[in-house]
Each structure stands twice: as structure tokens, then as C-alpha cells.
Amino acid sequence: MDKLLITRGVQRSPFWKFILWILPWAMLLAWGLYGAYLCLAEGLNQTNMDNRFAFGLWIYLDLTVIAFGAGAFFTGFLLYILKRHELKSVINSAVVLGLICYSGAIVVLMVDVGQPLRAWFTFWHPNVHSMLTEVTFCLTLYLTVLILEYAPIVMKNRQIRKVPSYLVFEFNLHKLMVVFAGVGAFLSFFHQGSLGGLYGVLRGRPFAFREDLGIWPSTFFLFVLSAMAAGPSFVLLTTWLVEKLSKKRLVKRETMSYLGKLSGVMLIIYILFKSVDTLIWINSTSPSSGFPAFEYYDRAAFGTWVLFAEVVLFGLLPALVLLRKKLRERMVWLIPSAVFVLAGVALNRFVLTIQTLALPTLVFDEFLSYMPSWQEVATFSMVIAYGVLLYSLSFRYLHLFPQERELTQPY
Amino acid sequence: MPLTLTRRNVLKFVGGSIAGMMVTPLPWKLLDDVAIWTQNGPWIPKVPRGPITTAFSTCALCSAGCGIQARCVNTIPYALSGIRNHPANNGTLCPSGVAGHHLAYHPLRLKSPVQLFRREETIEVQPVSSEEILGKISAAVAISRNAGEGTLALLDQRPGRSVSLFYRNQLAMHGRGVYLVSPTDPILITQCLDEMVGTSFGPVGYNLERVRTVLSFSAPVLDGWGTPVQTSKMLAHRGSSGQKGARVIQIDSRYSRSAQLADQWIPIKPNTEAALAFGLAHVLLREGLYDKALIQSRALDFQTKGKHSYFDLVGRFTPDHTAECTGVSRDVIVATARALAAQGPSLVIGDGDSGGGPLGREAEMAVWGINILLGALGSNGAIVHHRAVPAPKEFSANGLSPVQGVSDIPDHSIGVLLIDASEQGDPLPWSLLERKLIPDQSLVVAFSPTLTGLAQHTHYIIPTPAHLEALTDVPTMLSSATGTFSVSSPLLRRPEGTMDAREIMGKIFEVEGTLEELLKQRTSAIFESRRGRVFKASTGSSVQLTELGSSDELWAELTAGGMWMDDPVRSKPLPEFHFMGRSPAAYERMLDAGEGISSSNEPDAPRKITVLPYGRRAEVGGAQLSPLMTKLYQESGLHRSSKVAVLNPATAKEFNVANGGRGTLVTERGTQEVTIRVDGAVMPGVAEIAVSPEPVGQAGTEIVQEQDILELIVPDQAPTWRAFRATLQKA
Amino acid sequence: MDQTTVKKSRYGMAIDLDRCTGCGACLIACAVENNVSPGQPKVNERNGTTWMRVFEVQDGRPFPDAQTAFIPMMCQQCEVETPCVSVCPQNAVEVDPETGIVGQIPQRCLGCRYCMTACPYHARYYNWWDPKWPDGMEKALNPDVAPRMRGVVEKCNFCHGRLHEARARAAAQGSRQINPSDYIPACVEACPVQAIAFGDLNDESTDVALLARSERAFRFLARLGTETKVYYLSGRDWVRRLADRELARSKKETLHG
Amino acid sequence: MLPWVYEFRWDAGHIIFLGVFFSVLIIIASTLMRALMRAIGDFKNRRVDHVMWEVAFEDLPEPARACRHQLSGEVAHRTCPNEFDCRDCVSHELFLRANPVPPAGTGPQAPEEEQLFGLSFPLDRYYDRGHTWVKPAADGTLLVGLNDLGTRLLGSVENIQLPEIGSTMHVHGTAWQVSTRGADTRILSPVEGTVVDVGGPGKEWYLKVRPEGNGDALRHLLRGAEIKPWLTRELERLQFALSEDGVGMSLADGGVPVEDLPRSAPKADWDAVWGEMFLEA
């Protein structure tokens, strides 16, 4: 039925099957849209956030998806700037993932802020010292870049490419992709870092506050590194998932393994810095503001296991596995390791968002807990559903994996 | 050059202008301003604009009589503050007073008479004409007068006003009129002293400046009991001021605000205050720490032959026995008694908590007893005489109906119950009033500006002007050392359709006159007395009354935030008196009060907890709270809402409820859901629950009946509701 | 007074915790003065708007030895590295160099709530609901203070409206220096026990400057280094130990509020 | 944001931050503009066909992009870097010099080789990788037709869209389009020039083209001995394309493809096969 829209020579499931697949996601999206509508129309009293828990599920989601979406810039950087051509087979997929993550994050941010119509004030009256300004500027520019990177993929759709002007434009745009890759890498470096700086500068929250390295707190660099570790793992994991769901080989095993290696290398560097940073924080930064660090791990479910999980279980362990060639070449090791890498980064974002806010600062204040309302969960699911839908549509109608035909036709 | 007006030229001109404009700051500035304008949508309330003026009046929310200075826009007050140097409040106000100007906008405000229909959880109202209600009342009054079926009762929630004298006068003339006050009203405490002395001892007050030690029996002495100036003085030694204040010892079953702020808190088993009073008296007597000569000469029942005497009574309450009864340790009892005697002048205050009900007549007499032993009623004591505020003779020409507590009249006796100022005064369990009514035949009408508090239980409500819309005088506070008089003059125009209580009563009893005339007559009487001093808000200082030229001048001062204060009088010597009062079974009643018959004979059933309801006098306890009071009750934890039960951690564990969890309290009168709060400072085995109404911040679609813990009180259980037993289950 | 030069002020407060009775008059006076709307039916302690809030704290000893203190907590007017100022993405928070007061511009606030996470004192409040007043009560709003809209952050600004008024009064008298008695925040004015002193910390002679230097004075979380301008006074050791987590730890009792 | 907007300060922070922001913005915008200008340039220079082929070529699976000299066995592995246009290829030059391909119709090739695997591949013409042939005519024009495999692949054509006479052809631009069984397939033009006449499926040839440019107009086309290894490879590709989704059809080694392949294997994904064989992604 929609065959003429599908790239020539690749196999896609029948249309009815596809509809069956996207239907539940579309319903989830509709539910999410309703939740988001309530939040916009009625105000954020629809959420369970409050004056202490001023950030909640959404900001956590934003931080996490943006870290996961780092695959787009990192892959682009390696492919176009460092000429790692083996990544050509995943770049399209990485771009789509990046676009989903970033646009999703921005949509949620627009629901999250109380006055979305004033979002442009950040551009109009920017406080250049705020990490959030840096994030806003970079995020908007980078989303533009991602759209420009995604546009050629769309224009190469079997039907759209028949329009010569699109194809010629695509061709020329694609030739200049190296510029976008460079700009993307530059912007990503800053906003990934600024997202980390977001918490690192919180002098009033000694759990999050970190010393400056140059003009940025150390979390700036930790976020960049962890995002670079998470990005390839996310591309790897989604590719693997798509392979499983579509029952096809899409990418060469060597590429998968190479992505794993990238993750591993970045992760071990990250863990190294993170460990040093944590030690400095526990022994100097935090106590000097009057906050004994052990108190942080004294409350509710947040024990020292959090730190252990972050650094060892989801850090050192997958890093060591991924760094060993023999292990990462086997899917049974590679995939769980990628999952661990992502879990570690997600946990890091969770801890910085939720634990920071849950912990009291004043002695007589109490540890607070927070459970998102259904409207928050709905808006969250909206982004997930949007991501799945956009990816499914892209996978079906766009040529995401250049090696697909090759791998399905054994020459 | 010929100027041709072609389309092309026009377009060129417009285009050029737009392009040129872009390099000027104009569009950008405009964009900037638009950004700001867009943020002022119609949904954001606009602040009023208009001339700013200042007006003075007196707060009538309680009897402290604080002077208020109102900043007004278009003559509507938008902010209240205290009048500087005012003898009652010296520039400050309590939270209720600060937000007093909001009461006119209470979401449950009534502006026309209504008939009430109570449904399951809500109340429906239907408008009726005031003539119809007045007709019904008049008919019922006539029946009560002529047929003798049931009495005509008026419950005055703000006794002591000039209009209260008018009521008592009219009720006395009616023949079957009864003048009722809340059982917690301070007037009844003075009545206890009268009973001991046998005659009217005259109004007494407290001269706190003389006091070095204050022993409070559950009275909220540091929390709205006295005027702000008095409270401030009692706390003066705190902090860095270097001033002297009084040492406050708080005897309280609850960790009340006063217990928190007092220098010493003596926790006591609920309802055992009388025993502790006797125990303290025991120590004073045993150690000879009292004026023997005075007691010997004046006390008629100190030691009597053949009859049980006060000495016998107190003799039973040895420190050990008292400790057993009250839970207060023997050493604390002895030390406290000695401290009262040694660090005098001392003052013992009964009174009790406004929401928690009266201490009880016997306990109050026991407290007066200690005061007498300590010499607090003597010429150097802290309890001083003062004269009644002068009133014209015609106010009492036809006699005054006696003041009676609600508990003092027989059950099923009231035919018509009128409740005046039902939004004010101390909270009162409806069950207590209900059993006084003739079942199914009585008519209950409230005069109230809002559909809150007791008014929710009536058949009809005639709306009265709200606070600061109404003209009223402020009676003398119990704690005041001299008589005072001030007038709360309206700062707001009262809505059409409201009537003040004098108008309503005038129509019922067919008496001419207005409230203003009444108050002016009283002012004249004060002026005629040529006594006392007058605080003038305009200058912030006081002058002798005699310096004022006329009664009108006094009226002008009083209605503009001024206050008249009587001159102090030399205390009368204590006449002959009975420690235990004059009733035939005085000894037995006192003994029962001390030994605590009501609470100890009930077996300690599992799952039963002692509920300690409490009110806040600082917030008038009554049924009117500014919508902004959500800040104290809901938006911060400063004041517990009436849906919160505070428990000791051990008790919470025993009842298997957790901090923040829900629990259900059950008595035979009903059930109530509460949120559990755990507080290590609270006495084990009790649940502290506030009885104040919830502030209503926003009007809902329907009127929800107030749910108060007082609803759970089983009325026959005890004369007071300070503590009652209820089952606590985890919800 | 010299009318040509305007000296820079550092407005501050000193709150005597040994006097505070926790009555809440300050809290209500603040809400009245600053046109804070009454709470919605679903409002709670965590999402209400109380620029000034009074914490009830105990020393943690069990019945019957517990001690209680009340701590009024509002914006502490951090002077150095003001945490909320640097984080605001669109300059909606600014420290006025003339007065040292941290100001919030609600018309420019985006409602991102980043400043709230930055504030160690939880002194910032977000308008979770549309501000609404019961019928007719709009007529009784303070004409000097604009009500805020839903979705923006607000906080104590030492009664900015009153500062404006004092300045206008001074200007009317031809002076650029305001009369200190003309500028008293609503909470200071309302306190029934006069526990709060307010004034210019730069002026050595003011009560607040004297109190701030007294031995009983301390500041909460002083080691964060934000140099707050709200001082607290207490002679009670356990209360003073509440200032800092490490200090609080030094005593064996566990504390809870 | 801009100097005249309230809150703008001339301090280092603002200058650096906004400087970087505007630089990035300008880079993005100018890159976009550049792509746009280039696209317009391509249109103006009539390079659309060329671009389309280049894009299509990029998308071909790597094995389909093998150099003709890999097919002939001269080199083990080489992917064509010039989109099958050997006219300017330096390597091709070098390969030719080392190992010249005999001209068509001469040399060691026997006439029977015109029949390859049962398909007719006359040696008097040149073959393009897109299954067309070019035969120089006496009047200096070039005849363009579909080779035997191509004809059998398409089977009976439902609709054919031939270019108008007078239109210009570009190497590997679209020569004509056929639609069969609901799928469109464009046939690549093997040569550059102006269409002077059109034929069709029933005729000997499809197009008559007057070539443009210099004499090496046919240099990029396969000829002579190159044809067999290429055709072998093509039949292999066809075999895989057909066997991909388990149609079960196989072209046994040496087996002759039937006249109308689609009709003999209706279940096969012909759209994919045509895309594969006619070098259209």
C-alpha cells in the first residue's frame, strides 16, 4: 500500500502490521498530549512538583534524553571531522535519534516552564552568566542543526527525491555536512557541559555544587564526557533493538563493536574524572560549606549504594567489558554493557536532579519525596511515544541504514 | 519634481519607511514593551487606583481593643497596622487583626437573609425576607411569653458590649428570657469568685506589671490571652532587651504555644488541674507559705468543726497523691508551690483554653484559692479591682437578665434561640446547645455576616455587617487592670440587606433606637464620670478625660482609634469567703473534681485515645478567618488545621499510625478523618486537635459543612470537653 | 543631611528568635502588603505562596523536655554570589546596588524555577495557580504592588512597594535620602513582640547594625559564603546550632523540625 | 541581545557570549545559503541529471559499485570513485595502458561470444552498467537501446515515457522511464547528446542521439572482453535479488533467463530487482 514510499530494495513489514505497531504508540501520544494540554491550560498545579521540588520528572527526562541524544553529535563529529567512515552506517539513525531526543526535550521544557510564551525573553534579555542561557542558546541552535541534518535524509525518501530541486538541494547540503557536524559538536560540547554546569553552580545546594575548573564547574566536563559515553551506547542499543524488532541485520557487527569501544573509552575517562571529582567533593567542597558529605547518603533510599552503582556497577564494570575486544564482539556482552552505560548516565542525571532537590539544606528542614502526577507521566510518555513514532516512520520510509541492502544481500 | 501618487511609489515609500524604522530603536523598544504588556492579561487582577487615605478605628475581633490604622484606597482599607503607642497594641497586630479588613470578602459572606437546609455534607441556602424571619421570631417570642412553652434564649458570643446590656435588659423584661454565654467565657470565671465571696466582688483584672511569677492552668497566656502589649511585656526579658518580664510556668496537657514559650512547662494528665491546684495549696499550707492571719479571719470554710473543710480537702492532696492524680512529679509540685511563694508577687491564672472548653467551676475555684493563699487578691497582689465602665442608668432600669453559661440551664428548655455574633467568640460544640433546645419545636436564628461556625446549625441567618463594617464597642479584656472602652467604627460601607443586632432586636422587641445612640449614651456616661485617661490616635499619647471639652469630643476620639482607660482603684480588702463556694455539697463536688471521677472510672480500652481539642484565641477561635489565613493553616505548617491530629511517636506506634498517614477517630457521635502528625514533644497517649475552622481561601461551588472535632463530643460525658476519649483507627 | 550624594545602603534584618512567638502576624502582614492571593482549595505546605514563612523547630529532646523555637524565614538577601541571580536565564532577578535588595521582576520571569533550585533557603515561591481573590477583594488590594500571574516565581523583596513610597515621600520633600522611619517592611511593622529589627546595615548606628554585630547574632548556612543580610539572634545554644549542619551534628541529639 | 535592548551591557561576558552565538548563527545560515546557491547553480548549469545520478550512485550497495577493472579481474578490489564515468578517470587510463581492451568485433573474441549465457550481447556495440547499449551509426549519431538482460528483466512494459526529440541527454541521466507492475524505473542514459529520434520497445533502438563533446564519448562504456565478466556479475546480482525473499526462483548456473522474467516469477519483489539491476536506489 505504502510500498512506493519505502526505499527500494529494503524489506518492510506489511502496512497493516505497521499500523498495528504504531497504533498503541499513537494512543500513548494522544494521552500525553492531553496531559500536556492540561498542564498548559490549567497551569503546573496539575503536576506534583512544588516549591522545593521545583524540578521533577521532566527536567530529569530532559537531562537524560539529551545525554542519550549525544550520539548524534559524537557520531557526526567522528564521521565528518575525524573521518571514521565505519560510522557512516549509523549516522542517519544517530541523527534521527538526536532529533527525537532534542526536540522531545524542548517540547517538554516548553510545558515545564510556567510562561512558555516568554521563552524568547531568554534571547532578548539573556543573562550570559546563567548556565540555562547557555543551554537555551545551544539547544535551539543545535536543534536547528539537527533539523538541517535530518532534512537530507527526508529529502532522499523515494518519492520526495523525485523532485529534482529537493534532491539537488539535499546533495549540496550533504556536501556541507562537515560544517554542520563541526557546529554541532561545538554546540553540543557547550550545552551538554552547561547542563552539568546547571547543577554544579548551585552554591546553595552543596550536594550538587562543585569547584570550578576554569570558568565552569567540574560537572560541566563530567556531563560532556558521560554524554559522549552514553551517545554511542544509545545508538548501539537502538540499532540492536530495531534489528531485533525488524528481524534484520542493519549494521555490520564491526560497527556495533566499534560503537561499544567508543562508549567504553569515553566511559573509562569519565569514571576516572568522576572518581577524582567525587573524592574532592566529599573531602573538601562539601565540608567547607558546612555539609558533611556522608549525610547525603543518610536519607531514605539514597544510600552510598547510589554512588557505588554510579561509579562501579554502571561505570567501571561496563567500561572494562567494552574495552576488551573479545568481549565487546559478542552481543551477549556488548548489549548488556550498553544498557549498563545508559543506566549509569541516567542514574547520574536522576541523582543530580532528584536527590539534589530532595535533600534539605536547612537543618530543621526535612527530606522530601516526590511522586510525579499522571499529567507529568503522560507528558513524559508523550515524548517516548513521539520518539518511537518518529523513529518508526523514519525507519520505514527513510533510508536510515545504508548497509541494510548490502547486509540482507550476501555478496 | 512632480509628485505622482502611483501604487508603486506608495509601496516604495512604505517599504523604505519600514526598512528605515528597523535601524531605529523604536521597533525594538516597542517589542520590549509589548513583551511586558502581554504579561498583564485580563485574568490578572488589577490593583485599585484612587486617592490614598488613612483611617483609624479599633479592632473588634477580640476584647483586646487594639487600635488600627488603615491605609485606604478609594476609602476602602487595603492594609491595616497597629496604632503606635496604643495602650493595647503599640503599633502591632495579631495575624487575624492584620487581615481583618478581608473579612468583609469572606467567601461564605451573606448579604441577604437565608433559610438553611442541611444535607449530608453540604448546606443549601434559600433566600428569605428578613420580615419573614422576624415574623417567625416574633411569633415564637409571643408564644414563649404567653404560653410559657420554652424560653427565649439569646446566646451572646461577645458579652460585655453595650448592646449586651440592652439584650439583658430586654430579656429581663420579657419574663422568660435567658441570657447565655459560652461556657468558656471569662465572665463565668469571675462568677466563680463571686460564688466564693457570696456577693458580687466587682470586676477584677490582672496587673501584670506587678507580677514576677505567673502560673497558668492551661490558659493561653502567651498566645492571645492578653493584649499584645501585655504579651510583649511578659516576654520582655527574652532576647537582648535587658528588660524584666515575668517568669511563666505553664501547666498544660498539651504542648501548646504557651507551653512552648513558657519558661517552664509542667505537663499534666488531662482534666486533673483541680487536683494539682489542691496539691499546690497543700504544699503552701503545709509549709506555712500563706497569710495565716488573713485566712483565719476571712475564710469561712478553712477549718470547720464537724464539717469537711478546705483544710481537709487540701489535706488529702499530699504531693504524692497529687503526683499520682496528675502525673506531675512530687518534686515539681513542691518546687512550684515554693517558687510561687518565694518569687512573688505571683499570679495563678485559670481560664483554660478557648477551644478546649472551660476548666470547670470547681477547678476555677481551686485556682482562686491558691491566688488567695498567695495574697494575689490582696492590696499588693496582681489581681486588682476595677470599676465597671460607666453606663447610663436607663441601661439597667428594668433589671438585667443574669449571665448564665450554656451548661447551666436545663436541657430541652429553649424555645427560641437567637445567636448574636455567632461568627465570633470561642468555639462551642453544637451538641451542647442542641440538647438545651426543645426538640423539633425550637427556632434557631443566627445574626452573622458569614455562613460559618454556629450559624451553620441554625434555621435562619440574618446577615449582620462584617468586621469593620459594623459599629460596635469593645468590652474590657479580662486581663486588663482597669476598665477600658473603645469603639470600632466602620471603615467599610455595610452592604444593603445587612442589619446590626441592635436593629434586629429592636424590631423583635419593638424598641426604638440605634446602636450609635446606644454607644453615644455610654460615651456620655463615661464623659460624665470625669474619670480616666483617653488615648488619642492622632497624637499617639494619652490625656486626662477632663481635658476633653465635651462628650462629642470623646466620641470623636473613640471612633478614631482612641481608647478610654479608667483610673486604677485601691483594691478592696478581701471580704469573708468560702474556699469551696457556698453550694451545699461543695466539699464533695470539689473532691470529685480533684479526684477526677469522670476520667478514671473508664477502663483503659485498647484503641482509645484521649483527644485534646484546642482553639486559638489569637485567631479569635471563632468562625471567621480571612481568606489569607490559608497561609498559616494550609500553606505553612505554622498552624495545624483541624484535620490534623498530633501524637507522640510512641503513641503513634501504639496505634499503628504513621507520620503523614491517615487515621479515623470514632465516638458514638460520629467519625472524623484526620492526618497524623508525629511530634516527640507531645504527651504520650493523647491526640492534640485544633477546633478552629478551616480558612476558606476561595469560594467553592457548594457550601460544605464544617467538620470539627467538637462534633465527636458526647455531650453528657462531662461538663467540659477539654479531653474526651475516642477510638483511633488507621484509615 | 547632604542631599546631593546618595549613600549606598545595605538593607538587612535582625530577627530575635528568643522573642518570636510564632504567631504568624508577619506572614499574614506580608501577604496582605504584597498582594499574595489566598490559597486554592488544593494548596498545601509545599506549593503555597508565603514569602515569609515561620518554621517551628524543636531541639529533638523527647517529651517533656522538648524546647521549641520559631524561625521566620524569608529571602535572606544574599550579597555575595547571590545564588538566584546568576542562574536566571533572562535577568529576571537582580541585586539592586543601591539597596543590596535582591529583586524579582515577575513580568520577565519565564517560570523555569531554576532560581528555586538554587536557593538554599527555599525562600522562592512559584505561582502554581492563577492568583484569585474572593469576590470584591480585588478592591482591597495594595495599590502599590502589582499582583503576579500564574507561572512565575516570586519572593520577599523587603516590601519594594514601601521602599518606592518612602522614596516618593523623600522626593516630595526634595531629598534623595529616604527617612528610615518611612521604610519599614510589613512583617517588621506587624510583629506583636517586635522581634524583627530592620534597617541599613551600612549605617553603624541603626539597631539592626548593632544587633548584627552582637554575640547572639548568627546567619543560617553562613558557610555557603553568600553573605546574607538577614541575621538571627538567639542566646540558646541549640538554636544557634541550627545554623549549620556540621554544628548541628556536633550535638548528639538528632534534630527534626 | 542587541546593544539597544534593555539589559545589554558592554562587558566581556556579553561580548564573548553573544559574539559566539552570532558567529554560529552566521555559520549555520551561510552554510545553508551556500547549499542553496550551489543548488541553484546546479540547476543553472543543467547538472541536475548528474547530481541525481551521483546521489543514486552513492546509495548503491558497495558491491554494485565495483570498478570495471575489478570485474575484469585486473584488480582484486576497487570501488569506482567516478560514478561509472571513466572519461576523466586517471586510473582507467593507466589500466588501459597496461592492458588494452581490444575494440569490439576484433581480437581474440569469437563471434559465438555474442551469445552469453543464452543472452544476446552483440559485440558491435558498447554496454553501459545500466543495461543499455550504444551503437554508433553511420551518420555520426548514436543508437541507444536496452540490452537483452534489461529487456527480459522488464518483461512486457506497460507504459514507457520516452524523451522528446531535441532534448538533451547526460551520461547517467534519465534516458527514459518505464512503469510496469506499479513501479517506476528510470533507464540511465549511457551517453551525452541531443535526442534526434526516438524508437521504442518494438523497435531496434530506443533513442537516436547526436553526441556532444569530443571523441571519448564512449570511453566509459564496456566493450568486448569486459562484457562477460560484467554480465556474470550481473546475473549473480540478479540471482541474489530474486532469491532474497524466498521466491525460490533460481537462475541455475548457465541457465538462460526467460523472455519475460516478471511473468515467470510474479511473486518476486520486482520493484527491488529493477532498482538493483537498473542502478536506482
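Every chain is named by a letter (A, B, C and D) in the order it is written, and numbering of its residues begins at 1.
Note that in this section a residue touches a chain if its C-beta (ideal position, glycine included) is under 8 Å from a C-beta of that chain, and two chains touch if they have at least 3 such contacts.
Bear in mind the structure is a predicted one, so any value in this text is a computation, not a measurement.
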Inset, instruction - Using mean Cα positions as chain centres, tell me which chain lies farthest from chain A. - result: B
Inset, instruction - Tally the contacting C-beta pairs at the B-C interface and at the A-D interface, and name the larger one. - result: B-C
Inset, instruction - Can you figure out the chain closest to the middle, judged by Cα centres? - result: C
Inset, instruction - Could you tell me the distance, in whole angstrom, between the mean C-alpha positions of chain C and chain D? - result: 76
Legend entry - chain B and chain C, separation of their C-alpha mean positions in angstrom: 31
Inset, instruction - Using mean C-alpha positions as chain centres, tell me how far chain A is from chain D in Å, no decimals. - result: 40
Inset, instruction - Using mean C-alpha positions as chain centres, tell me how far chain A is from chain B in Å, no decimals. - result: 60
Inset, instruction - Please set out, as single numbers or ranges, the residues of chain D touching at least two other chains. - result: 5-7
Legend entry - Residues of chain A touching at least two other chains: 115, 118, 121, 124-126, 129, 133
Legend entry - Touching two or more other chains - residues of chain B: 32, 35, 39
Inset, instruction - Please give the residue numbers of chain C that touch chain B in the complex, ascending. - result: 16, 18-19, 21-25, 27-29, 31-33, 35-41, 43-45, 48-50, 53-56, 58, 60-64, 66, 68, 106-108, 130-149, 186, 189-195, 211, 214, 216, 233, 235, 256
Inset, instruction - Over in the complex, which chain A residues touch chain D? Could you list them? - result: 3-4, 7-11, 123-126, 128-129, 133-134, 137, 141, 144-145, 148, 156, 161, 164-165, 167-173, 175-176, 179-180, 183, 186-187, 399, 402-403, 405-406, 408-411
Legend entry - chain B-touching residues of chain D, taken from the complex the two chains share: 2, 4-6
Legend entry - Footprint of chain C on chain A - complex, ascending: 43-45, 49-55, 112-115, 118-119, 121-122, 124-127, 129-133, 136, 198, 201-206, 287-292, 295, 356-357, 361-366, 368
Inset, instruction - Using the touch definition up top, name the residues of chain B that touch chain D in the complex. - result: 25, 28-29, 32
